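Look at the two complexes coming up: subunit A is in both, with subunit B in one and subunit C in the other.
For the complex of A and B:
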């Protein structure tokens, strides 16, 4: 049995037993449990399970993780550093020894080892990778996640279309909405994993709150009628509607509601907790979630910092992939692992690696991805791409195609048509299912 | 009276280049030969009697970075990130003993004053005691936490032997020192020096630092602990270089030597005859070789080495200082005066 993607393309995804059960429950009962959270049946969750909604989890390794220590090890070379490479579930492909759990799951993942994105300053590089577009003075492009949230949004959902966790502060970037405007801004979780102010103020009943919302909506609609900028007002109305949905589903952000065994699997690190919260949101029907894990900028003591960060990444991502798979969500959830750039082949005097964008790696799993695919190749020292060179636009196009978005689709900025993917972008077909 | 090494006149006399980083250094005083090893897995030697000393690659017995080295009775004993200790006959370059020593990177190695035993530390967070001649494991000391308080990987960077050979000190990433009774294997004490470990829970959500070097004073009363102080930006060694002096038997810190030079101190040693500390390392402010009066907070003198230093040692009469680090070997002299 196949699902249809949002643009009608078959994705050849199996229908999972759990998904069927969820769909049946959604159709027959007022509420059903998702991750032990009671959610009103008219939220996106039910629709998500029934319609084959695609979702995206964007894991942003802020600061620039090292491809040498993770996806493209160069053991025994001067540039390789001290970590060994280990075999994976994909014959012939090795990863760094700090990722033993993901090594066993590489048949679910695809790796691109041949990114050449040229820019080595944090801000501009993050802009490039996040939007899949070089900067243009005349047009601000939205972040890939903003486009994904818009394209994958479920009509009428009262959940946010995009939730972005960025709780560390260094390198924090708020997803740019660009020409799409503020109504497409994600829900930002920057100080806490739980949105603030989603509880009713003391003394305000739910009924009274609803009445106020009806009045606000009425006044707002009257105001918008016949005025230029009505879209802006409707954007506000939509945001207020989502607030109601959010308040009804506030338990989604509470990972304490997960069984202890599940929480232990994800681990007690902040990254683990955020990825668990992300899974709850995705499962409930939020189409786009971003989790930023900082900060990988290892100019000094690169090996010590990767000893610290990579095992946590390995554990959390491998648990997450297994969890998504067991819940029947992996085939409909694209998992992206990206940084703004990689690290230099040269190990500097501080036993660090500096910024490097000429040959680095990223990884994917899930929706639309051919598990076990490895795209591109670098030379023996990891200094240059020797096969399958890809740029930021190619990666963006690959992401869009993986979740079934038509690359030819156009938005408009004023009168200017803007294709979703850059005109010369080439999706990496080799990693697409 | 002969001044051993006048730090204010310290001068870089010779450099011998080696690719990458040398992490380890030892000296065969009888032959006047330095041995160093590091990131290219090989052991290099420098004949200091040569007119123009150069670094010569001698052997490659390990399969990863060489992090520690000791010279004992004609053998160069090396510890590596490949988890092995290897005894190599200096004359031939042939391995004599190969021992799978730790379940993790070996970080440091120290020979006892009588040369009969060795202590090693590794990322299995264990201290191991070895027969320096046969390579036989004599004892294992287990007392360091296996993870950081935040649940991440930690490391056991440093080991030192007391001058009387009765105690071993081991220092880890999170600022804990364990003191071990050699004969009984008992934990004799613990020191906590948390300033050496900076965990940033908010800005970058990771850590830096650790106790990188330990040294007992010649009178065995004081333990010097070296590393980096509180770091403002855990992306790098962006904190003050720091040494703490502890009365290790009472467990009290007696002095703090800290300088604004932003660096991690990879090595600390007491001068053998003078009440003076020598430290070396590198970081955001560049490499550092500094000399401290142990009673004063500020250094007597800071020299600017070529590249960051990982290890150093003084020759027998204290006239020269040998260093190893980024780019190879360095030989430092001073215009010592005799009265």
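For the complex of A and C:
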């Protein structure tokens, strides 16, 4: 197979993305009812796009999605399963037939097919992948998203730096803030797409709410004057200073405010709605959004469950990429698709696939990513990596570099200096623009 | 005072006889009347700090005001703010000894063991804290003045056969599935040393810690079994590791001091026809740690100093090594030695620290000179309340909790039963139960504290937080709503919430704010309470 070399230049790189894209859309009839929906020149879009701010959307397929049914099909092999593979916009590269829409957009995406991350238990594997570091007892390293939010945060923003959607109950995790502490904790959306504690308390007028906060702030500032440890008070006060801004931004979480046509395009699935909400937040300037989608842990009936889950993923992600592109946000928004591991080549007695970390895949699009790049290769049966092996630290370093973060930048955990990327991490330059 | 001291000494001796290593030390100390009362220990602490200040040409902050001191020491020793009757009693008292008497009252009152059980639970169990059986075990230890070395021995070796002592196995049991985690946590909690960076190579930053130390600690635990509620120890098993030279080595049992424990040969354990005594690697660790007592005693002294003063004498508290000097020359060394030779008495140590001048300094810096470094201990530090302290204090301040003195009948019951404080214990545990839900919404107290937006949102908008200040639940709000004189109203609010009388300036300011809020005095009272309980002065111990 002659795939695009990671060192080479992507073929068919469109000079004018939108033009090429619309051409492609026209060819895929029925995907989008109308071709000209929601191309926004209005709202805050233009502003945040021009500000040079980079953002990240982290899509987490909890439980471990199957590389065989998605990014690295092995059609007609014993390990390949029943699905066909289909050609993509990148000549020579095929994906599973359950992703026809993304196949058309592979020239916007980069795929890594050569992950070898060793750990096959959900919790420890998720810790490894989401922090990009093997666990050390005395080093409580934060999740990649927490680091990204801190690095990409806009000074003085009234919005949260990090919003994390995890509404499905399976495999639920909260982004670990590690040694960075509570002030870097994301806003968690776990029970509802509306944030907690963001509405004015019942029976309290807006004016009273404001007046009492004013008094609270005044008393606290007076207390801090001449006080040893006044910075603790400033930190406390600045947390309260965010409250009213967040209350005003609650409309951002309300996807009912989107035109019906847009909501239809994303689909009425939970994942679709969350991705639409994520797009609204990113557009308004939230630097880091995570959307988790559960139930990929297909020990039983792997093919049935992927037949159910993958089309939704295919539709939502392809709509999202198009939407971001049309709004001029794709070049500044890194989209990450990751799991804690992939699935076994062996199909078990329950027609399922079990946990597999020796050879699996992940995907990227947008900011800093070379569209159409395919990194690494597995053998004919997908059992081992034969080219371009990458580990969790390499993936983390690739993510940081894609959005322009200096890998050598150091944090401190107590006295110990800790570089953002692990010392021996090698970013996958071949998929970076 | 004298009576209490002698009881403490007696119990130490009683317990010490079960710990064969120290019994002789303690007996000798008692025989020579070397155990000085805590007030003399406090004077010794003051001496060290005064030399430290003059050597660094620092003039320390003034002594904290009475109300500030009362709030500080009540929070530290009972986990809550003082009530207004406690405030009045203390401010009215004109005696010179009133701080010392307050400390004795708190240290010997029913709430100190209840609170300090929680404090020690956090310190020992860290991520596994919160088990009520374990907390109660620690509470009984504090109540009975069980020496710290005895506690350590019980946690490591048992006996765990009785219901009362069974919870003590929990430290090992929660960690027994991963013996390197068990070794690392034991070294951090009980010896103040973090050897985890020496796992894969000699410690990159600290010359003291070699791979041998890490695997040496693991070797004491590698035969420990458990994880399902029953801790045991196998009689065989070695630890091997890949050295930096790439060669596989078998780890020797090596303590942090470098002392190596040899495993006896089969012949050595057999004497005559007797059955060979079972060799326990964990027991060897306990023995060597109590013989080479510097690590064991300094670790707890440093941790309690950090808890009470806000910064360890060695900081961070799990980084005691030769390149990280103690901030005040000689103090930690002396205090730890005194603690060990006087029978590992936590009660005496805590009394001494809160009686010291350093503990009682103001957190205001009123001098022209720039604020001195935190390692000078020249002013009190702001310390965030723990989640439980905050929740507990919120309930007390707003009048959602009952902390009343016993009535006539209850007094008679307690006198008849020959025990005091039963009613307060019941009240305390009732409030603690109320805090369980509330505290989850608050930020954890940690050495590098950062306030989260989630806590601010909770306090600003969550219905539970609003209910705390509404007259339906808050006794304080209901009472304020009935007061017609606004100056009196704001004074009462400040005294209840901030545990001090307001300044005249503040009365004027709050009265003006209150008047601006319109005619609904009940509503305005509730919002005034809200602003006070969410103010930084309430959030921190200062």
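One rule holds for everything that comes next: the second predicted complex is superposed on the first by the 363 of 433 C-alpha atoms of A that agree within 3 Å, B and C clash if a C-alpha of one lies under 4 Å from a C-alpha of the other, contacts with A are read in each partner's own complex, and residues count from 1 in each chain.
Keep this in mind: a residue touches a chain if its C-beta (ideal position, glycine included) is under 8 Å from a C-beta of that chain, and two chains touch if they have at least 3 such contacts.
From a predicted model like this one, the values you see are computed outputs, not experimental measurements.
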Self-check item: Between subunit B and subunit C, more extensive residue contact with subunit A
Solution: C
Quiz item: Now for A:236: first (subunit B), second (subunit C), both, or neither, which partner does it touch?
Solution: second
Practice problem: State whether A:212 touches subunit B only (first), subunit C only (second), both chains, or neither. | Solution: second
Exercise. Kindly classify A:181 by the partners it touches after superposition: subunit B alone (first), subunit C alone (second), both, or neither?
Key: second
Exercise. Give one of first, second, both or neither to describe whether A:92 is in contact with subunit B, with subunit C, with both, or with none.
Key: neither
Quiz item: On subunit A, what residues does subunit B touch that subunit C touches as well?
Solution: none
Quiz item: Where on subunit A is subunit C touching in the complex?
Solution: 136-139, 160, 179-185, 187-188, 195-204, 208-209, 211-213, 215-216, 219-220, 223-224, 226-230, 232-233, 235-240, 242-243, 246-247, 414-416
Quiz item: In their shared complex, at which residues does subunit B touch subunit A?
Solution: 19-21, 39-40, 64-65, 81, 105, 148, 150-153, 155, 201-208, 210, 234-238, 264, 282-284, 287, 307-308, 326-327
Exercise. Going by the contact rule at the top, pick out the subunit C residues touching subunit A in the complex.
Key: 61, 180-181, 184-185, 188, 194, 196-197, 199, 205, 316, 318-319, 324, 363-366, 371, 379-382, 384, 443-444, 446, 448-458, 460-463, 466, 513, 516-517, 523, 527-528, 530-532, 534-537, 539-540, 542
Self-check item: Touch list for subunit A against partner subunit B, complex
Solution: 63, 78, 82, 84, 167-170, 267-271, 293-295, 297-301, 304-305, 307-309, 311-312, 347, 349-352
